[in-house]
C-alpha cells in the first residue's frame, strides 16, 4: 500500500517502526516540524532515520519561526497546495498519529 | 478531481488541528476537489454560532462560510457530541449539517481519500 | 454494489481524551450506515487495538460508577454483541504482561456470539492493507 | 480550613481533566475548605448552558450546581476565552462568574494552595 | 520546598529529573496510573525509580480496570479525599505536568 | 500589604494547544490585578521557559500572517514591554543548538526597556522555590 503518516508532535511515535508500506511517506506538520529543524545535543531526530520519503508543511514551519533554510536536506518542503496533490496523487491511505 | 473526507475530532482554539483541517479543505476545494468535513468530539465547537474574532484565538467561521458558498464543501457536526456540549440546532451556524456518526462512514464510503484526525 | 472496508486502529489510551471511545462509537455506527447508501452497498468495519491502546481492553473498568461515563469495556462488549470484528495485538499484550484473561474476550452475558481475537501484529498490518480507508485513533 | 484555587484549562468531555478538577473541588468543599475554580481555554465549555446528560459523555453540570449551593465554591469563566468560542453571558450557566484573566491571579493571591492544570 | 508533581500520562516526563525539593511527591492520576500498575517488557516504569514519595488515585485506577492489588508496593493508594489532605497538609506547591 | 510571587513555568510547545499562549496572557494580566486587591497588595509574576518550551521564544514567527493568530513572539514582546521578568533556560538552549540571536531577547522597537534573561536552570529552580505559587504550562 501507499501510506503516508502525519507526525504532528515533537517526539518519536512508538508505532512508526512497525508500519510497513510499499511506498511510505512521513509528513511533518504542527509541532512535528521540529523533527526537521532542530537537533537535540547535535543529533538529528530519530524520526528522520526511518526508511521513508519526508515532507514538511511550510506554513507550520514559518508559524514557528523557521524558514526553508532550516530544514534537513532529507525533507521536502511543501505547502497546503502541495499537500493536496500528495494526498490525491502520491498516497492512498493516511494515518494521523 | 476527487473527493476527500476529513474527520476532525479536535477542538477549536485549543488545538490548531481544526485550523489545519479547514486550511487543507480550502486548498483542496481551490484545486477543484470535493471535501466533506466531519466534526466529532470537541471538533463540534467549530459549528457554534456567535464566535468572536480575537487576535489571540484562532477564528475559522469566516473561512467556513466562504467554503460553503463554493458548493464543493460540506461540513457536518456529530449530533450527540454537539448536544452533550449544549450545542443544539439553534446554536449551530447556518450551513452546517447535523447527523449521527453513520454519516461519517457513509461519506468515507464514496471518498477517494480519507484523512481521519483522531488525535488528542 | 460494493462493500468498503474501514479499519479502526486504536493506539491511544482511554479516558484522558475521548479518542478511543469515539473509535468504538463510530465503528458501531456502521450498523446504520445503509440508510445513506444504495442497495447492496455497505461498510465493513474492523477494530484493532495496538501499542498501549490494548489497555483499552482491560476488564473491570469502573468508569461508569466513578465518573458517570460509559467504560471502554462496555463499548467493546457492545461491539462484540453487534458482531464487529475486534482484534487485539498479541505482541503488545505480551510486552505489557497481559493475558487473555485480563481483557474483554467476549460478551456472553449480553448474548454475543463473536469473541475478541488476539492476533500477531502482522495480521493487523494485513487488515490495514486490505482496508479501503484507515481511521487511526 | 483553607482555600484552594484550581485553574483548569482543559475542555469538557474531550478530556477527563475537568472531571478531575470538579471531583477534587467537591472533596475539598466536603472537608470544609473553600474552593475557587477558574476556567480558561477550552475549560470554559463547562459553563455552557443546556448540556445534555448522555452516558457516553462526561456530564458535570449537576455537580457544579450542588457545589454552588454550599456557598464555599466559586466558579468563573475567562471572559475572552468564552467569547472567542461563542459563549457569552446568556449562554452561560447560572452561578458562573465571568471575569478577565486577572481574576485568577487575584484568587491565587489569597489562596493557601494553587493547583494549576495547564496541560494539553 | 515541599513540591508535589502530578503525572497524568503514561510516559516519562522530561522535567522530572531536574526538579529538586526538600520534600518531593509524585502523584499518579489519569493515565499516569499505568506507571504504578503495568510493566513493559517486565520492567517497572522508570518514573518509580525517582527519589520521591509516590501516590496513585484510586478512582483513576478503578476506572481503568485496576485494583489496589495491582499497584507497585512503592506507591500509596489514595482517593480524592486523601488527595485533599495531601494538598493542604503535606505539600505546598504543585506542578501538573 | 503583601506581594505574592507567581512563577509561570512554560515547558509545552507553542501552537499545538493554547497552553503557552495562555501562560503569557495570564502573566500579563498581573498588570490589572490590583483592582481586586487591598491597597498595597499585589502580584509579582515571573515567566520562565524550560525544556522544549524554550522553542516558544524563537524569532520570526509568522503565525499571525498564516493562521491569523497572535504569535508567541508577539506575546513575549508584550511581556517585555510591560516590564515582566522573562527567563530562558541556558542549558535547554544549548541542548537544542540555539543562541541568544535566535530568540526574542528584547522588544526595543516597541520601546521596552527590559530584556529576556538567559539563565542556568538553577536560577529557575530558585525562582520556583521563592515563588508563593507555581503555574506550570
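We just call them A, B, C, D, E and F in the order they show up, numbering each chain from 1.
Assume contacts are C-beta pairs under 8 Å (C-beta built on N, C-alpha and C of every residue); 3 or more make two chains touch, one makes a residue touch a chain.
Computed from a predicted model, the values in this text were never measured in an experiment.
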By the touch criterion stated at the start, how many steps lie between chain B and chain E on the shortest route? 2
Which neighbours do chain C and chain D have in common? B, E
Shared interface numbering between chain D and chain B [over half = same, under half = different]: same
Chain whose Cα centroid lies at the greatest distance from that of chain A: D
Taking each chain's C-alpha mean as its centre, the one farthest from chain C: F
Return the chain pair with more inter-chain C-beta contacts, choosing between D-E and B-F. D-E
Return the distance between the CA-based centres of chain E and chain F, expressed in whole Å. 28
Distance between the CA centroids of chain A and chain B (whole Å) is 24
Please set out, as single numbers or ranges, the residues of chain E touching at least two other chains. 8, 30, 59, 94, 96-97
Enumerate the residues of chain B that touch no fewer than two other chains. 13-14, 16-17, 23, 41-42, 56-57, 59, 114, 116, 118-120
Shared interface positions of chain F, touching two or more other chains: 15-18, 25, 52, 67, 133-134, 136
Which two-chain combinations qualify as touching? A-B, A-C, A-F, B-C, B-D, B-F, C-D, C-E, D-E, D-F, E-F
Can you name the residues of chain C that touch chain D in the complex? 15-18, 21, 25, 64, 67-70, 75
With touch defined as at the start, can you tell me which chain C residues reach chain B in the complex? 4, 6, 12, 16-19, 22-23, 25-26, 29-33, 35-37, 41, 43, 45, 132-137
Going by the contact rule at the top, pick out the chain D residues touching chain E in the complex. 2, 4, 16-17, 20, 23-24, 26-28, 30-31, 33, 112-119
The answer for chain A against chain C in the complex is residues 1, 3, 14-15, 18-20, 93-97
So in the complex, the part of chain A that touches chain F is made up of which residues? 8-10, 30-31, 34, 38-42, 59-60, 62-67
